[in-house]
Amino acid sequence: MSSFIPMGPKVAVLLPEIIVFGGSVLVSIVGLNRSKTLRKSVPLLAVCTLLAALVAIALGYSNEAAEQAGVLMPHFNKIIKTIILVVGIGLVAISVGHIDRRMEDAVARGATTFDPMRVVRGEFYAFMLLSICGAMLIPGSPDLIWLFLALELTSLPTYIMVAMSRGTRRAQEAAVKYFFLGAMSTAVFLYGFALIYGSAGSLQLNTIQKVFSAQIESGGIDTLGMTGFILCILGFCYKLAAAPMHFYAPDVYEGASNPVTGFLSFIPKIAGFSALALLLTTVGWTGHSIISETGTVVSGLPAPILATLWMICALTMTLGNIGALLQKSVKRMLAYSSIAHSGYMVLAIIAGPGLGFEALLFYLISYGVTNLAIFGALSGLQKRGEDVERFEELSGIARRYPGLAAWLAIGSGSLMGMPPLLGFWAKLMLFMAGIQAGHTPLVIIAAINSAVSVWYYLRLIGVPSFSPPGTSSEGVIKGPSSWPRFAGAVAAVVVVLLPFFASRMLGNSLDFSPVRPASTVKPVNTTTEHVPTEKPTQAFDTALQRSPHVEQAQLALHCSPTRL
Amino acid sequence: MMSLLCTSDTHSSAHAVVTAIVNAIPSPELSWTGWILSLPAISVVLTGLCCALRVKGKLPGWITVLALAGSFALVLKLYFLRGDAGAPVVVHLWDWMNFSWGDQSKWHSLQADVSVYVDSLTLFWLLFVTGLGTLIAIYATEYMESDVGKGYSRFFNGVSVFILAMCTLVMADNLLLLYLGWEGVGLASYLLIGYYYKKPAAVAAGKKAFIVNRIGDLGLAVGIWLIWVNYGSIEFNTLFQVWQDTERGVGGFDKSLIPYCLMLGAFGKSAQLPLYVWLPDAMEGPTPVSALIHAATMVTAGVYLIARTYPLFALHPDALATVAWVGGLTALFAATIGMAQYDFKRVFAYSTISQLGYMFMGLGVGTTFGAAYHTLTHAFFKALLFLTAGAIMHGFAGQLDLRKLSGLRKVPGFKIVSWTMLIGCLWLSAFPFSAGMLSKDLILVQALSINNHGFVWLGWIGLITAAMTAYYSFRVWFRVCAGPVFYVAGEDNHDDHDAHDHAHAAHPAPAAHAKHEFHPHAPRWAMNGVLLIIMLGAFATGIPGYMELRGQSNWAQVMIAHSSAFAGSVQAHVTDAVNFGMNPHQLVEVFGTIASLGGIAIAMYFHLLQRKSADKLRAWLLAHNSIRWIPVAMENKWYVDELYHACIRGPAWIAGHILHFTDKHVVDGLMVNGVGRIPSALGGLFQPLYNGVLQGYATTMAGGSALVVAWIVYRWLVSGAAS
Amino acid sequence: MTYFLAVNASGASHAVTITLAMSALLFTIGLVGFLVRRNMILMFLCTEIMFQAAALAFIAFGRMRMDTGGQVFVIFILTIAAAEAALALGLVILLFRRKETLSSEAWSELHE
Amino acid sequence: MIQYLLLLLPIISALIICLSSPRAAKWIAFIGSIATFIAAAIFAVQFPHWMTGGFWPDLRTAPILGQFGVDLQIGVDSVSLMLVLLTVFLTPLAIAGSFSAITTHMREYYAWFMILLASMLLAFMSRDMIFFYVGYEFTLIPMFFLISIWGGPMRGPAAIKFFIFTFLGSVFTLAAVIFVAVRHFDSVGTWTFAIADLVKFSSTQLSDKEQFWVFVGLMTGFAIKTPFFPTHAWLPLAHDQAPTGGSVILAGILLKLGTYGVFRFALPMAPMGAVECTTFFAILGIIAILYMSLVCWVQTDIKKLIAYSSVSHMGFVVLGLFALNPIGLQGAVMYMVNHGLSTGALFLCIGMIYERYHTKDMDQLGGLVSKMPVWSFFMIIFTLSSVGLPGLNGFVGEFLCLMGAFVAEHDQPAGYPGVLHPWYAVVAALGLILGAMYLLIMLGKIVWGTLREPHGDAHAEHATMELPTDLNFREIAVLAPIAVACLAIGLYPKPLLDAVEPCVKEVLVNYPAVIDAYNAKRGLVNPTAPVQKVEASQ
């Protein structure tokens, strides 16, 4: 597919982000307008922006251009962006009617007049779009600076969104926790970036990939780089809400309003996963020996990284699921469930490109859409102008709102992996990827975990459907806007029907070929299209010729006994 | 076809030894024999319909009688067509559990069709099963008349089921079909014993019969499996050919187990020693049922089974000896209990067990003819006894206690009953020249003639038992029919649907003022007629015995001799063995007569002439601590039921409770719920970490990261050390 | 550590080594400070220290690798730090208005 | 195309039910299920492989994840078809049996019922492992709703335990299936989940150890579903608490999914794994038979008793399956069908009593024959069928299962050596006695004896107005077909046995050699083993 819009490759690749960025500016301005109709159209504008970006991807994105622009994984980039945009539209939709709810009510009643200083709707959607924009920028990052900035662009707006989403003490507490711990984690991966930079001597991911390929060829990545990677992984874990950096998630998810929780459980996660996938692409999944008792060479990530991810994967799944069992708040429960799903997806990362990335993408789609169904239903309800978030508030609502209960049930079913819903197929692919990569024990842990998860997902099915309506669920009524419910309905329908089109969907993603580090391909298999193994090393050497110290460093690099 | 059926020329010789079992001829043209089964089946359906339509009237009874009579007629037709000594025929009706893998050869298929194997043994049994069945059904049409419109259809339905199952059992061409009939008669027995379902005792007795029979059935089932494993087929015709060949028939532990397994089945169905307990309780059923099922026919199924598989037993002398000894001991044991019972129906029940013991003894010591002949005579005289007992029950509102009835022969309308009962008792006590004596003697002579496995002792046990039998049978007759007229009505009529209301309306006369207001109602033509016919039958059954005694060929002997039952049976040389200077024949004649007459005389003394002395004797026995256990134990049936209860049912019941507890609290509670709690418990373990304090989270995150790093360093060190 | 020692052995890059050590020290100070202080302003400053530690490391590595990228990165780190500062101070003020305290422990309403 | 109609008809009826009025729901469901039955009957008539084995129709269509070999491939062999027929036979009866019992949320009830029907049919008809799993697993959802909404007082815990327990097991099954598919991909290079391909690959290409773990994985799910002995804890509660229709389907068909899984997947896929575990599972089967019989003995709740007896009966199926010879397997398949009929019918009978008296407690009920003779008649028939009385259907399966286990010795001359010993069958056969014991005790308590009814005349007080004292025409019409089927199968099982035989041989195709090798390893040489195999083993 070639682009027919005549533009430089970088601009063509970035067009969607530019559109979304422009949209965010527009939205923030329109939100301040005195006209109620215009103010009301803010979410619509945001949706239009995202749709425009989707169109831009469809028409303007080409893998060749992206590769020219230095994108490491062009097709992956495209799909991630598309997923973000599609789910983003839903996330915008489910947040309609929540922001400025009281003020708009007051204005409508005539109790107060419009005051631009007190409205935040424009900003809210602008931040939303900015965060989405940030997330879209991640998979296409050509270098570490870009990656860092994109990650921050994803995160910073979300901190504010949490604070402004409800204006309550709890929301502010959530925001402050989210922010401070986020800043800490940022510092951690930033330091990791520094160490990677120190080891590779470049910020360009292409170069980093070559350098590390060379290092791997010559025995292994040095301690500096490896430490950097591990710090990065730990820092990214915060974005994924993965152990051991997941502790904030329950509190923050609980404190934020329902639509924002939905947002938090998806956008930072996909951002984190694309960043992780991108960064790990520089060391690759093939040709490394992992720790194995028999001493055989098994393809996979470098041993320490693999061990880290293995641990993170197992811990995250387990801690997420067992944590969710005890919750009384739906949102806390969903926070833990979100943690658990991060764990499953780490399994896909471990499995690597090919089946693993496919599983990751499929899982992200499934998780995003399913989350939309659940949060759409939750956001579509209110109790005295407040969010519905406790289980007992949901009890028996199926009698009044069978549709919403059905979305919740479908969402829960999909999350637990009940065939034939979307989540099952995602989990199926995940397990296939995991087993094919030789990580059957992890798959078994995941399987047990998904059985444990049934317990709390069943509550989300059962409480609305079977529990008798109680005092706390009496006041629950439909929310002010029908957008969230509509979005939830669409998402639920997609959850049910998408599996039937999964073949076509995955058919597209099958031909995505991540740019593999050339030198990781074993010499025997080397073909003309790959760079010969010596070449990057030579280039690297010549690049280092300028400094006399570097020779020493290079020497030390090769002679260092502390290879991992 | 006739030529095939009437090939026998052995009428001339009484003791013709059949050396080979003739291979059965597939005879599709005889498919009408299927109607012997179909008629009762139709009766089952029709009486079932009567049941559903709540027919009021005796219609179901007559349907059954007609169907059974039809069956009997067909059996007669078959008998006359075939003669005494025709070759066996196989008539294939339809495929049942019949399948194969590989080919149809042995071990590669299981052939268990619904097909009929008719030889003389089958016919012998069929004749008295259908014949007596018809008669008893006629009797029951009157006996059960108080239940018309209530349980009448159900009763005849049960009878039809029984005859159907019994005919299937007898006519089966393979062991599995026999098993079907076997269980079928058990079912019929269950349904009919529990006929008075409002009586807890009846329900319990039905259950007990079925379950105890199931123990025997288990043996039969295992026997069938073993036979299939060892011989590759379960069709009699094939098996007989194998069993005749000693080479293929015996060898190995498995094969030697087979007769014991079959024996267990036979003992269950025929109420032999370890498994006899159900039969006395089965007397809770209506009396015609007791007569038909629990005296004349069903209980002889065990005898039939062993007779049918006799070629196999003949290969295992030890197994035969076991059969003989179990039979002999059962005969003695049941007789001791029978002497001390007051319920005269139970006395007859124990006498049945005792007589069945004789039959097994006969099988065991090698005279299948003796056993089969005793089965025949016993069927008649025991049916007679039970039917008279039934008539008395019918007349006296269920009274069965022989202490509460006396002098019935003088009560108007009970004359026929009393005198036919006398015939029955005489036959039972092997009165000289009665059919009972003739058949019993055949067995005892054989036992005394063969000095194997201590069979001589068995013969003496048989003689002692004969004396006891004479005593207890005449104890009943002298008490009930002789002596001064005296009666107390029973507690109620047959329990029927409307229970007590109805009973009180009809007979407002329980014990208290029975004498003044109670009028026994005498049996009418159907009951009396049947009693007389059966009495004549009982006389007739003596004929083959006389002919045998005189060394003449007779139909019974020829029939048995030309069946599989005779193959391998031992021909004793009667004149060889000598005791007290007499050969066994003389010995049995002399001592048998002494035993019979002596028993009757003692009974006469205690129960007719000096009735008080019986009580005195009992009181005297009870007064002496050293011997009081004897009458107490005998009256309490040697506490066998209690023993079973304590040793089997009790422990199993306790085990059930323990296991239920285990299931609830260990498997479900501890294992499942316990494991189910692990995730939540683990979750609770980690809960303090989510304490809501910012620093806490930061510290945990940092600590967690440190742990991950430590893990990597550890893995690195380990792998470093390894390499 | 061998890596650093090796560089050290040449005797030529003392400055880089010291800078890196400094950076590590700074990061540790920042982290420890973040963990032990309760005052939100101070906690925020600690995160800034960690950021700057990273920035210092970038500079040192840039110097070591003779690459300007590290220095470029520092500029962006400063920018982001400024943005975070704005955000943090805004949040802290918001919170202070609510509870009249800067202690982070006052904000632990959300917990299990 | 009728095979798709078979799947679509229930779904379409479910949709129509959702749109219809609650009053019409039951009739639509009934008509829909009858239509499905007719479709299945036509399908069965068209089915060409009754006596020859093999699948029909043999089409590969509707790829869902085509590039991973996940196709919606529908096809049956005679065993599947028998279970399909059982399903479509029982479902209309269960629906008709629910007419008066279900008075609330009727639309939902019948809609879920039809969805349940569709998913069971999918499980039995799928020739793709993943779609088998889809159907197998999805049955949980309708059943979860059926129990949770219309169940007894303990319905919540019952439904959840049922769901989690079976789900936990089946994820292992899924993992094992995926493992085989991945190994197939690794060595062949194409993805497939087609049962035939994977079975062929797995049974021949996987190593002993891999087969063992595949077998263990598969069995974890199937053992819980069946349920085998220690994993039965969900069953009594679920059966007890489910509404009548739910219990019927649960006991009649859903349990068979487990044994069907063993028959269709576990045994053919991993013969080497299976022989390793045979003794273990056979012992579990025997324990189930005896242990559950004793537990049944002390039950006072009729429905619980029947539920426990299901576990006991499934023990016979397990024993038959692990006899690993044609008799045992044929017996097991027969038992599946027969247990479905008789236990389903028993649950229907109990439901009818419950509708009238609102109790299932045997201590409160008794002597019902005098009040409800028709009901008692059916109850007796089905109980006797459960007891395994020859001439009724229960006997055929039971006897063959036991006989199969009995002849499963290493030196079996029939060409199908086994791993067990006759003692297994003899001990298990004690279950015949115990089974008769508890079932007759049950009959003795509730059918026979003097009339006992719950305090006062609860009958008049609670009973739904439309129900007469004894069964009404509808209820008789529900039970009578099952009774006829019981009798018919009992007297003429030959067609079914013939139909099962080729499938059974297909399942066992690898076994004789594998078992001979395994036994030789244990020091038990089969003298009748084919010569070349002996040479090969040397």
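Letters A, B, C and D mark the chains as written, and numbering starts fresh at 1 in each.
One rule holds for everything that comes next: a residue touches a chain if its C-beta (ideal position, glycine included) is under 8 Å from a C-beta of that chain, and two chains touch if they have at least 3 such contacts.
Values in this document were obtained by computation on a predicted structure and should not be read as measured data.
J.: Averaging the CA atoms per chain, pick out the one whose centre lands closest to the mean of every protein CA shown.
T.: Central chain: D.
J.: For the chain pairs B-D and B-C, which is connected through the larger number of C-beta pairs in contact?
T.: B-D
J.: Just curious, how far off is chain C from chain B if you go by their C-alpha centres, in Å?
T.: 96
J.: Could you please state the distance in Å, as a whole number, between where the Cα atoms of chain B are centred and where those of chain D are centred?
T.: 36
J.: Hey, how far is the Cα centre of chain C from the one of chain D, in Å?
T.: Centres of chain C and chain D (C-alpha means) sit 65 Å apart.
J.: So the centre of each chain is just the mean of its C-alpha atoms; given that, what is the distance between chain A and chain D in Å?
T.: One centre to the other, that is 44 Å.
J.: At least two partner chains per residue is the criterion; list those residues in chain B.
T.: Only 687, 690, 692, 694, 698 qualify.
J.: Residues of chain A that touch two or more other chains: which are they?
T.: Residues 176-177, 180, 184, 188, 250-251, 326, 455 of chain A touch two or more partner chains.
J.: What parts of chain D, by residue number, touch at least two of the other chains?
T.: Only 164 qualify.
J.: Looking at the whole structure, which two-chain pairs count as touching?
T.: Pairs satisfying the touch definition: A-B, A-C, A-D, B-C, B-D.
J.: Looking at the complex, which residues from chain C come into contact with chain B?
T.: Spelled out, the residues of chain C in touch with chain B are 31, 34-36, 38, 43, 104-105, 107-112.
J.: Which bits of chain C are touching chain A when the two form their complex?
T.: 1-3, 6-7, 9-10, 12-13, 20, 23, 27, 30-31, 34, 40, 43-44, 47, 50-51, 53-54, 57-58, 60-62, 64-67, 69-70, 72-73, 76-77, 80, 83-84, 87-88, 91-92, 94-95, 98, 104, 107-112
J.: Give every residue of chain A touching chain D within the complex, in rising order.
T.: Residues of chain A touching chain D: 413, 416-420, 424-425, 428-429, 431-432, 435-436, 440, 443-444, 447-448, 450-451, 454-455, 458, 461-462, 465-466, 499-500, 502-503, 506-507, 510.
J.: Which stretch or stretches of chain A touch chain C in the complex?
T.: 143-145, 148-149, 152, 156, 159-160, 163, 169-170, 172-177, 179-180, 183-184, 186-188, 190-191, 193-195, 197-198, 201-204, 222-224, 250-252, 254-255, 326, 544, 546-550, 552-553, 555-557, 559-562
J.: For chain B, which residues count as touching chain C in their complex?
T.: Within the complex, chain B contacts chain C at residues 687-688, 690-695, 698-699, 702.
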